[in-house]
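Okay, here's the structure, questions in a sec.
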Amino acid sequence: MNFTSDNAYGAAPEILKAIAEANAGAAVPYGDDEITAALQRRFSKVFERDVAAYPVLTGTAANGLALGTLAPPYGAIFCHEQGHIAVDECGAPEFFSGGARVVSLKGTDGKITPDAIKSVLPLYQRGVHSPKPSVISIAQATEFGTVYRADEIAALAHLANSEGMRLHMDGARFANAVAFLRCTPAEITWKAGVDVLSFGASKNGALCAEAVVFFDKAMARDFEYRRKRSGQLLSKMRFLSAQLLAYLDQDRWLNWARRSNALAQVVGERLSMLPQAHVIVPIEANEVFLALPNEQVRALQRAGVQFYEWERNGERTIGRFVLSYLTPDEDITKLVQLLQS
Amino acid sequence: MNFTSDNAYGAAPEILKAIAEANAGAAVPYGDDEITAALQRRFSKVFERDVAAYPVLTGTAANGLALGTLAPPYGAIFCHEQGHIAVDECGAPEFFSGGARVVSLKGTDGKITPDAIKSVLPLYQRGVHSPKPSVISIAQATEFGTVYRADEIAALAHLANSEGMRLHMDGARFANAVAFLRCTPAEITWKAGVDVLSFGASKNGALCAEAVVFFDKAMARDFEYRRKRSGQLLSKMRFLSAQLLAYLDQDRWLNWARRSNALAQVVGERLSMLPQAHVIVPIEANEVFLALPNEQVRALQRAGVQFYEWERNGERTIGRFVLSYLTPDEDITKLVQLLQS
Amino acid sequence: MNFTSDNAYGAAPEILKAIAEANAGAAVPYGDDEITAALQRRFSKVFERDVAAYPVLTGTAANGLALGTLAPPYGAIFCHEQGHIAVDECGAPEFFSGGARVVSLKGTDGKITPDAIKSVLPLYQRGVHSPKPSVISIAQATEFGTVYRADEIAALAHLANSEGMRLHMDGARFANAVAFLRCTPAEITWKAGVDVLSFGASKNGALCAEAVVFFDKAMARDFEYRRKRSGQLLSKMRFLSAQLLAYLDQDRWLNWARRSNALAQVVGERLSMLPQAHVIVPIEANEVFLALPNEQVRALQRAGVQFYEWERNGERTIGRFVLSYLTPDEDITKLVQLLQS
Amino acid sequence: MNFTSDNAYGAAPEILKAIAEANAGAAVPYGDDEITAALQRRFSKVFERDVAAYPVLTGTAANGLALGTLAPPYGAIFCHEQGHIAVDECGAPEFFSGGARVVSLKGTDGKITPDAIKSVLPLYQRGVHSPKPSVISIAQATEFGTVYRADEIAALAHLANSEGMRLHMDGARFANAVAFLRCTPAEITWKAGVDVLSFGASKNGALCAEAVVFFDKAMARDFEYRRKRSGQLLSKMRFLSAQLLAYLDQDRWLNWARRSNALAQVVGERLSMLPQAHVIVPIEANEVFLALPNEQVRALQRAGVQFYEWERNGERTIGRFVLSYLTPDEDITKLVQLLQS
């Protein structure tokens, strides 16, 4: 029963099949192939707008390249203190931007609010003396599996706009957010004011594939130079584009996310019935955060339940349980049986 | 009555005299001159230890170069959220380090504590996933004119040491701190565990002169390459070294700091007698932070009192009054008279 | 008949099979899986030494990360003026190193010599005034498909050593070089003085897989932080390691390189029989560089022969023909027939 | 007899006087003072155009900041292989630009030509694969004391323009060039197509003062953020501006340069009469490059003549003799007497 990470399980068979099919014959390398062109069109259709979408290899690279394009070296980027860009990418925002400041903010359930930003903004509005406010970056779904509503996003976009900043969305779990909200991809991105999206696929069935999506093509300016320079322009690009195309095809991405979201509901419900256990953030996407007595943690582990110990506070531990579309049914069944016994 | 900044007033006559005297004849450029060699010896004497001291031109450069030497590009630097390196140097730590993370912490009276650092440290101890904890940086005196006691510094050094970090001290107002504590320079630096000091002179009578002081020469490794590369190696270095030598000579630096500290006591005492006014942080160095009703602020300004409006909260304003050794006596007298009337 | 690039053709079936097999069940993400551990052991066996090998996603990243680890920001890197790191990676060495200088040198057949480096070295030995000589970087095989002999490498290593530099080898076509020289991998790397190797697989049958191989593990110091920070630490690392393991298995890498080398000999031989055509650099690996009258170029293109126009000089063009292990036999047959007609 | 460097001698008395006069009373720090405003107007008058001029502290910083503003991190900068930015600033262009490529070119008498650039340009015009040609940077006067004529500059500007690049001029010895050409400052800068000038004063009588002059203010965009971030925004800016104002006042800068140019003519003439000695580049500004038998070098040194040994080739040495406006008359007299004896 492995609930440690979205990345514990591998790739969906449909993705591997698409890779194998893309392997026929020769193709122009470095992205001038037909599959990549088709992907571009597909993304525009998915987002109901003519977008510029660039495939890259990892989520850290997607975020780094997006932020490096939006923020100048002397810029400031506002995000949640536990966001992936804040503490799980080893300073990629600084690396790709050439030294922009990442400003970490507290916020309930992994979300930041306009008020949280406004509370520190004066510190970064001292003319040339402070790093220049440049980007607000939010994760959708968040690191805690919660989901921003369209109006929450719009409020952040409004602040960004009025202060000369851009709004970036880390969509490593974007499919889970769309699936949860039952909205269109457009409604929680450009229609709500998002400028650039890191569109994730690796955590939801792809082998390794993400895309940086610019809703205003003019903002993509020099993106391709930055992608090449950072070693993210795949020579055999068709293999990257083919994964994303298969992922978007037949609404697979949303169907897969629906499954992992649903599994999270089941797992969360059952786990929270454990004595003294309680779910500490609302379960909206594919993650369950549960506070447990330490002895319960050890009991689960002895029974073969694998999960990430997020934080330990004295007698209690917060465990993170992540569900994947590829989590086998039998793992869920076994967990349920275990908890009933 | 100008109390806006340490930098509002110019250079001490003794400093200008030293520059003029250094101007005789030819000298080897770029720091291989005799004045610079003498300065090196003087710094070692002042600190009771064989130190490596490098003159640079501004405080931002001193801090940036010190931090860039101590922190790798993938490192994390912990400091107070209102520290100069945090919000007054436009991202210099990121620039000089090649992209290290600056982590801002809250703390009473402008100081940070081991506990404040420990509360966020787990976020930065996730192996290669998070920026690596590398430096603790404190200002002595702080941005608010408060002064770390030797044991407070030692506690931070202990934490730094046990977690594989270095301790940097931003000493833009170092003279004021030493003067306030009536200690030796060594006691609040290397004897308390400080690894590198940005030794300031510009805010206390120099024209433009700071020095980066390494207490362990081995840590200075590649400092000289970094200084050259950033345009901080002065060709006519003797003019920089001469300022610092004159500054250290005859205890001028401490005498000057004693004067500005004393003026701050006088000004603070008088200002706090204003109706509804109160000093919001202890006055230890040469700064007074005072909360005032807005109408009082306007009245002072109308009367010709210049100061910096640090923060406005509704009906009240926090004013910052900075005293310099060069603040004329008559300004103090005028202020006192004004407040008595 | 596509001879444009090593990357025109896709992935070997054996590689895709390895990926599919790696897909079973759950695994620890980010490189702590068993396949990656097995790869580590395999690399040590291949190189007859306990090495530290880190899988990454592209050749540009492998070179950038290797150079960024070896060269300080103030360092200088010496390479051939037409090397991949010089003009095909959009400044990746500067990006990954935080601003080291790339010094381009002329050299026959794509190779650099100790003398070429010595001729410019004094410009970079002015103490802190010039970038500090830090790395010699050579490509094996070179951009022109020529191959350094072991003694040529040793001579460069000797110079590197005596001047405090490191020797890096860009082995995007390393298999072709080993196949051509009929030597062991060790003989042209650490035994000849190479410190770090970018070990390529993508150009020779992999989907996307390279590795950075440190022969002295101590030099790898902070490599893992740099890899993570640049978005090159794959979450589902097993898919990357599986490719490399399959590539090394059963000497596939060398067999595949032998085939593409042999095809280059055939193609070179036949093309050079064209009127006024001549091969301009020795054909040693899998590339043919041929000077042709422009009308011949057009005739070939009309007949469906695709290749890269490397350089045009008036009436003549230098064409580059690259052979892949995956170049179909029928393409060769068709080309031979075409040239005979 | 010290002819080692422009920086061997100190500051002109007029400059020190200006500093002393600027020291009266309080002033707004960080460049919002009246002297800095006056300097802005003066620069516009000197250049017959409304320019944006930013004082900085060293020549390396002036060049680095200018290039960092003009070149993106993925850009390429073309310059002479012995230019100051190439080999005397320890990689400052890379540092300030965040990793642009410096491309070194050969060229007679320290100058580069459009043809030299065109010969390598194709290597940097491979779309996203190569660093993007962004800046041509020339020194006026050059590192060898030669001077570009207006039409030579215009030809480089034409090339820059037609290839989407900017033209930067390193004017560390700009006064010497204007004095030699007897032209207006405008004629060899913006009228000839220069976009940005590093205007030097330190080598010609200032204590430490340079300025970056943008002829198109729009190009200065984010310069002030970059200056602050690199520790080049002086708190007591009036002292920097006062030097430059005094330098420009009463045509001092040109008069001083006329003197050092004239001294170079005298020294060059006399030295070249030494047996087997010959001047190797035309003496146009304040430098003399002389090839001498090694025994002559030793004889001069024994007689107390100090100069820089630029290069040694077997039996002969190239010596560099630099004249300053501050070189004492008696040194010249002594040298002349020595050579006559």
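Order of writing sets the labels: A, B, C and D. Residues in every chain begin at 1.
Definition applied: a residue touches a chain if its C-beta (ideal position, glycine included) is under 8 Å from a C-beta of that chain, and two chains touch if they have at least 3 such contacts.
Note that the structure is a prediction, hence the values are computed from the model and not measured.
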Over half of the interface residue numbers used by both chain A and chain B, so same, or under half, so different?
-> same
Using mean Cα positions as chain centres, tell me which chain lies farthest from chain B.
-> C
Identify the chain pair with more contacting C-beta pairs: B-C or B-D.
-> B-D
Between chain A and chain B, what's the gap in Å when you average each chain's C-alpha atoms?
-> 41
Just curious, how far off is chain C from chain B if you go by their C-alpha centres, in Å?
-> 50
What whole-Å value do you get for the distance between chain B and chain D if each is reduced to the mean of its CA atoms?
-> 34
In chain B, residues with contacts to at least two other chains = 30, 73-74, 89-91, 95, 98-99, 128-129, 132, 225, 228-229, 233
Which part of chain A faces chain D closely enough to touch in the complex?
-> 30, 72-74, 98-99, 128-129, 132, 222, 224-229, 233
Which residues of chain C touch chain D in their complex?
-> 73-76, 81-82, 86-91, 94-95, 97-104, 120, 122-124, 126, 128-132, 311
Listed in rising order, chain D residues that touch chain B in their complex are 2, 4-11, 16, 19-20, 22-30, 56-62, 64-65, 89-92, 95, 202-203, 207-208, 225, 228-236, 238-240
